[in-house]
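Here's the structure we're looking at; comments come further down.
First chain written, first letter: the chains are A, B and C, and each begins at residue 1.
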Amino acid sequence: MSNFRQSWSNGVERNQALQFLDMNLRGAGQVIFQNNPLTGLLFIIAVCWGAYAAHNIVVAVCAVLGLVVSTLTATLLDADRASQRQGLFGFNGFLVGVAVPTFLVVEPLMWFLLLIGASVSTVVMLAMSNVMKTWSVPALTSPFVLTTWFLVLAAYSFGHLPISSMGPPALPQPVAAAASSITLSANFLLSSWLKGPAQVFLINDAVAGVIVVIGLLVGSRWSAVFALIGSAVALLLAVLLGARAGRIDAGLYAFSPVLTAVALGSVFYKPSWRVALFALLGTIFTVIVQGALDAAIAPAGIPTFTAPFVTVTWLFLLPKANLQPHPHEALKDGILTNK
Amino acid sequence: MSNFRQSWSNGVERNQALQFLDMNLRGAGQVIFQNNPLTGLLFIIAVCWGAYAAHNIVVAVCAVLGLVVSTLTATLLDADRASQRQGLFGFNGFLVGVAVPTFLVVEPLMWFLLLIGASVSTVVMLAMSNVMKTWSVPALTSPFVLTTWFLVLAAYSFGHLPISSMGPPALPQPVAAAASSITLSANFLLSSWLKGPAQVFLINDAVAGVIVVIGLLVGSRWSAVFALIGSAVALLLAVLLGARAGRIDAGLYAFSPVLTAVALGSVFYKPSWRVALFALLGTIFTVIVQGALDAAIAPAGIPTFTAPFVTVTWLFLLPKANLQPHPHEALKDGILTNK
Amino acid sequence: MSNFRQSWSNGVERNQALQFLDMNLRGAGQVIFQNNPLTGLLFIIAVCWGAYAAHNIVVAVCAVLGLVVSTLTATLLDADRASQRQGLFGFNGFLVGVAVPTFLVVEPLMWFLLLIGASVSTVVMLAMSNVMKTWSVPALTSPFVLTTWFLVLAAYSFGHLPISSMGPPALPQPVAAAASSITLSANFLLSSWLKGPAQVFLINDAVAGVIVVIGLLVGSRWSAVFALIGSAVALLLAVLLGARAGRIDAGLYAFSPVLTAVALGSVFYKPSWRVALFALLGTIFTVIVQGALDAAIAPAGIPTFTAPFVTVTWLFLLPKANLQPHPHEALKDGILTNK
């Protein structure tokens, strides 16, 4: 393993094509903060598996396309080279590529929208990084959320971009008792728990969740642990609060908390008991914010994507002066150091 | 009086329990910018009176609980000690504590939501203060507004958090002529005028308003004057513009203007005729923004809380370079000076 | 011409009244970034023509009133003198003045709302400029958008501010096939293309568009070229994507892209092929964001104004470190240099 890693590193330094491949794999890995090409490969495999299981293989094609286009855009814009090499301009485009064919019908103009969106996601990454750098906080997946909100919202205004599965726009309604009734079988709990990490990539599949966790294990053991804890906390809390059973079952209450738990617990703060408690509070609040944003966004008829994670993690990173922040690699190098 | 003040100060320096009590009383006082324990006590009494008058005494219990939890959270997070001592981490939690049992049914999970919310309000205070410090502007009650929006919006998604009195979500509708018809009796005017200061604490009661104004008088005569002027201006303007009579009657057009008038007229700028005119413009615009946000937020089915005050006061403080800003105590000490 | 320009300059330096006139004319010109009194005069003529053609001449009166009031407010607030001289405190008030009588009924209280709004637009300009200065980015027309959103939204809450032409609030609906069916005649294309620049001033008239383009030509040839390209790109893309025919016809898909194209292509970046491609990407994305915001804002029942332009241009200016930014005059002088 260590030998392979060494020869991969050597190859990447000498071969332009291999370097571009490495950059893209790391881009996929950065969806959950892993600057690791093997993790990225496993995440791509998870997306392929999910697309295959949903009989919608085009999603995997679009994901890779989004990844490559956003990475290339960063090169064309001459963005900070170190950040490019770490895959920091790929993860948003990768997620744009997953989301667009999931919610819109795959017609010719969808490809056009996807290309524009993936490219713009890199511009938005540079913009948001520049803004958030003011407080030493990363952009997280805000470029994906913003860009994709614009793309899928636009489908309501353009007749040639038909919607496949989102909406319809509706005023929020309190949950009926029947809708939140759940039989808590071991099967339900295990499946819902594992779908949390998978839904980070918009995949409704437990096997894909296992592949994602293996990918995390390769990159960082603590990240894998916090992902599993985050998903478990979210699952139990959503059941306790009486969320809609269908949404819990699909892992839709767990994917943002997974990201919050990993970010606060293992990436941006130096792990400790105090930080673990802080991350737990953030994870719990992410479940509440997920419920809140689901209601607030209902009249627009679009998904929240990872907005609950971004919102809570920003709020919990911004005061970091008092929690001995561990400077994330990406931030140290700076996304716009040549400014 | 002066003797009592001296012995209180001495006691606070020597006795930990008294110091904690002092911190919490000041926290209540900071809801309207008063770093004064006696003012805080009077504000708490106003909330108790309001809860008693509305046959809903649990609101007062929750308010104190929110105050204590958010203050304790600041200690646990090791926030700037001087800011803690001034009560700057208590006022948002106090308001969270008033709001949650006012809009949601008091069931076991409401207490859980309240504890999480009060605690998170301190994290959000640290976050927003860090952001707004960039332009030497305070966070105001934005942590209360943001946190409580998430808490009460979430009730639409969670079946075990039933709503008692807000919504239902609806598209905005122009005001029918009948709804804005008012008989301007002296009684109506007096009651509505005094309810303005009370509604800062979500209390629909004129006596509570009188207690709030007395609290302000204890802290700062100018603040009391601007609060009464702000409420009067808002009342007259809302009548003139034809707002819904029920909302005017309840003081719902006046509480944000009260805060704007106090903030711009007596706290963050050095009082002068020029500043008074500027504060008047801000107070008038707050009434307009109250009407605007009421319409914009209607589809979500939640209250605006003090968002009109926060929005307008930020907009009117941000250019302060040109109006000889008087550095507010809180800002001088900095909320995160140990950064 | 050059002689006239020289004597105008001399007159402006010596005569207070002429200086005030010059400041206001430049204010009108700054709606599309032109610090040029003759351009401003032509823009005012375009608004007069549009108001005349729409049998609504009061719109022109309100526009000039908004311009003068917002410019005067800057003087009263003692804002940076160089920025005042360049007309940077007039363009938002000018647009507020066009918008209010276009969407609300012209009744006595509308004039009150307009005066308050024009005055506040200058406060918001100072506030937003102070915020955006942090990243060396201008406020653009965000003060107009924010202020006017508040003004027209408030009309839903105040019975004495009747609405003439906006809304009604509605949940977004996908476009029916019939609604996007268009017969692409040369006449349709030419008229819609020229209405783009006119709609920057909320005018639905091709002749006014020609006057606006002439105004741009006087100020900067490149700005005129990019305005015409931006309008053409937006028109073709909106047709291609199947937008509602009535909105395309009125130029409503083109005015924000016109501004984005001029801003990115000729004002804030040094023109080059690379910048032209970047501006093209921004212009295309502005059309998508226009469709997105039209849907998102539908439940509130108000227009998007230039929010699509502001959003995209901010996102495309924020990373400017890497694209050799050309410091805009306004930014160099700073809006709040005396801070």
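As a working rule, contacts are C-beta pairs under 8 Å (C-beta built on N, C-alpha and C of every residue); 3 or more make two chains touch, one makes a residue touch a chain.
What you see is a predicted model, and the numbers here were worked out from it, not measured in a lab.
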- Fit chain B to chain C (C-alpha, same chain sequence): the rotation, rounded to steps of 5 degrees, is 120
- For the copies chain A and chain C, give the interface type as same if over half of its residue numbers appear on both sides, and as different if under half do. different
- Note on the structure: Per the C-alpha centroid definition, the whole-Å distance linking chain A and chain C comes out as 36
- Query: For chain A, which residues are shared contacts with two or more other chains?
  - Reply: 134, 171, 299
- What residues of chain C sit close enough to touch chain B in their complex? 77-79, 109, 113, 116, 119-120, 123-124, 126-131, 134, 149-151, 153-163, 168-171, 299-301, 336, 338-339
- Across the complex, what residues on chain A touch chain B? 134-135, 171-177, 179-180, 240-244, 278, 281, 284-285, 288-296, 299, 314-319, 321-323
